[in-house]
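So that we are looking at the same thing, I have put the structure below in structure tokens.
Labels run A, B, C and D following the written order; every chain starts at residue 1.
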Amino acid sequence: MKRPLEPSAEGRGRIVGITDGVFAIALTLIVLEIRVPSQEAIHSEHELLAAIGALAPRFLTYALSFLTLTIFWFGQQAQHGLIARSDRRLATLNLCFLAFIALLPFSTDLLADFLHFRTAVLVYWLNLLMLGVTLFASWHYAAKSGLLAEGVDAETTRTVYLRIVKAQILWAIGAALCFVSPLLSVGFILVAQLGYAATPSSRWIRKIIG
Amino acid sequence: MKRPLEPSAEGRGRIVGITDGVFAIALTLIVLEIRVPSQEAIHSEHELLAAIGALAPRFLTYALSFLTLTIFWFGQQAQHGLIARSDRRLATLNLCFLAFIALLPFSTDLLADFLHFRTAVLVYWLNLLMLGVTLFASWHYAAKSGLLAEGVDAETTRTVYLRIVKAQILWAIGAALCFVSPLLSVGFILVAQLGYAATPSSRWIRKIIG
Amino acid sequence: MKRPLEPSAEGRGRIVGITDGVFAIALTLIVLEIRVPSQEAIHSEHELLAAIGALAPRFLTYALSFLTLTIFWFGQQAQHGLIARSDRRLATLNLCFLAFIALLPFSTDLLADFLHFRTAVLVYWLNLLMLGVTLFASWHYAAKSGLLAEGVDAETTRTVYLRIVKAQILWAIGAALCFVSPLLSVGFILVAQLGYAATPSSRWIRKIIG
Amino acid sequence: MKRPLEPSAEGRGRIVGITDGVFAIALTLIVLEIRVPSQEAIHSEHELLAAIGALAPRFLTYALSFLTLTIFWFGQQAQHGLIARSDRRLATLNLCFLAFIALLPFSTDLLADFLHFRTAVLVYWLNLLMLGVTLFASWHYAAKSGLLAEGVDAETTRTVYLRIVKAQILWAIGAALCFVSPLLSVGFILVAQLGYAATPSSRWIRKIIG
């Protein structure tokens, strides 16, 4: 007998659909903050070049956001590749994760506009933290409720946890650095994220970033 | 022989696709109303913190919208998980549902800007009501036209109706409270929606919210 | 041996994916023109009610756009349900169709802002016409190139053509009415579209609208 | 035993999903720059016609962007139709490709606003170049890492490379022309892109554009 919203493979498929949708939009929205210089202010090649140069911080935070979205897209995918079915609570946890993904363009813009302010760095970090918390919670729930695919052993389960925790520790260190200097803090986070996105093969680095 | 737009499983798949698309966009658009404070107005950490604090009502209505979208995403999914095929009229009913989903960012912003006005609460409630009406109509049509999956019995059919009606009764009570106080009304609706989103296991609460 | 971009079922699947994406975004974007009244201008329930009432033409053109998108979503779907494989040219024709779908929010806003101007009605009609032209061309190409599914007979092929042509004739009549009165013209188009969206069972109406 | 983010067909499916999402949004966003003339400035049919005429360059760059997106959508699809599985690095390369797709609305607007400036042409060309570089890199990585589908022979692999390189050579020539005249440069690029989008059957042209 069929009941509404039972744990199912279809429910899992729909989570994947809405997740890819939100990521696609977030990836595109963060570009909207890179605004074309106004025509009135530009009268020569030189002025146009200068105006584009002035957009450099925007391109930097675009790259940073893009990296972050990439990392969490993989984070979500690493989990869902190991989950066979989804029930309503797992879906709700995933939607909470998406709610914080949808907030990333906001916290990134805030960071871009107030790069020298500790508050902006901390808000950005809080967003990263909540992404980690929701990912952790949804993995915990899936493992506990028997929604994982067959062939996912205890070690793999542990690896998924460890990756989340290690990344959060790195970002927490990065965020703490803002009490020394906000720019140093952003630089540290950026380097950490480059490390994750590049998925280096060096065994030494892999050990640190999980 | 193949005819255009016959009831089909593919038609059902496309409804799912466009539905997840609209929800993904709506989830992302409601964040756009949370605007980064202007750089000119901020000169210290303290001012930035105050400016972010002033965004609190925006974050609250974001949470409210997010909850609403979550609840209706599940509502649509609960139905479509039980529907095997879709014809043109069912698809049209589903698109009407999506039209009101697309209006949610508008009615939520209205509510956020005019939290103390009865009119804003009633417009928001009207949006919730129309979502319920279109969901009810599409379930009624699917059940009547033999588009349900095999193994969906009368009791399940009734459960789907009941969930919609019970939620609408709760929201109608919430909306009616705006004649006492608009804030009380919003609070009541928020609590009701939290109840749905959290899917509590308590049997007592489940009986009320269906 | 595999070659890039051969006619394939996967190519067809991707057209469906990008089509549903563009429609989902267009459905959501047309709502963005319904703007929440500014807080500064509103000081009483009465003023808020009046401000919302003043948005009525926006809601009307939203409904009109929504109907149009619905009709063309079904038009595209009616075709693609009968198409088994897609090659690059068919995909290009479909993207041209999507380019005019993406222009609909523009021509609808123009219509909403200049409801009494013939030019606005004609631009809107031109958009509808181009949607018909691209749909016609892609059906023609698919039929000619053997990309249709098995079991699609000559009569079905003709029905698809006829539906497109009949709708275009109705809209052309509607557009021509703008030389009598732009409002009459919009009214006529709105009624024609309601007829299509409602898919009436009356045999008499079905004969006219195909 | 299942491990997170192993090369898989599912990973490939998700790349397709997010790619179609980003393209759908980019296709729709480039239209947003075509703004409806303000109601205050228009008092007659004649003025409205003139205002719409003044939007002509916007429609032109819309067509140009649309062509570009079409070409790269096919470029990505040509590759992914030949790729059987995807691992994390291939996905990252694809996301880098999407990052430059997401930048296209920016560089196109810049071009539309500063059509007579060499800098704008070069920025636009740089965007095209980076799209080619990321496509080339991801094909190179997929071929090298054994992620291609069975039945993809050396000649097909070479054809995919050649198409990318030939297109980039044409665009580089186009970009170089901006030192003669920016408009000539844009015209050349537009013609080259029309050639790709139209997929002419003439053997002579096919040889040039690959």
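In the analysis below, contacts are C-beta pairs under 8 Å (C-beta built on N, C-alpha and C of every residue); 3 or more make two chains touch, one makes a residue touch a chain.
Quick caveat, the model's predicted, so the values are computed rather than measured.
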(Q) What's the farthest chain from subunit C if centres are computed as the mean of the Cα atoms? (A) A
Q) Upon optimal superposition of subunit C on subunit D over Cα atoms, what rotation angle is obtained, reported to the nearest 5 degrees? A) 90
Q. Are the two sides of the subunit B and subunit C contact the same residues or different ones, given that same means over half of the numbers occur on both copies?
A. different
(Q) From the mean C-alpha coordinate of subunit B to that of subunit C, what's the distance rounded to whole Å? (A) 26
Q: Would you mind pulling out the distance in Å between where the CA atoms of subunit A average out and where those of subunit C do?
A: 36
Q) Of all the residues in subunit A, which ones touch at least 2 other chains? A) 17, 21, 24-25
Q) In the complex of these two chains, what residues of subunit B are touching subunit C? A) 1-6, 8, 10-11, 14, 17-18, 21-22, 24-26, 29, 88-89, 91-92, 95, 98-99, 102-103, 105-106, 109-110, 113-114, 117-120, 123
Q. Which of the residues in subunit A come into contact with subunit D in the complex?
A. 16-17, 20-21, 23-25, 27-28, 30-32, 34, 36-37, 39, 42, 45, 48-49, 52, 62, 66, 70, 73-74, 77-79, 81-82, 149-153, 156, 159-160, 163, 197-199
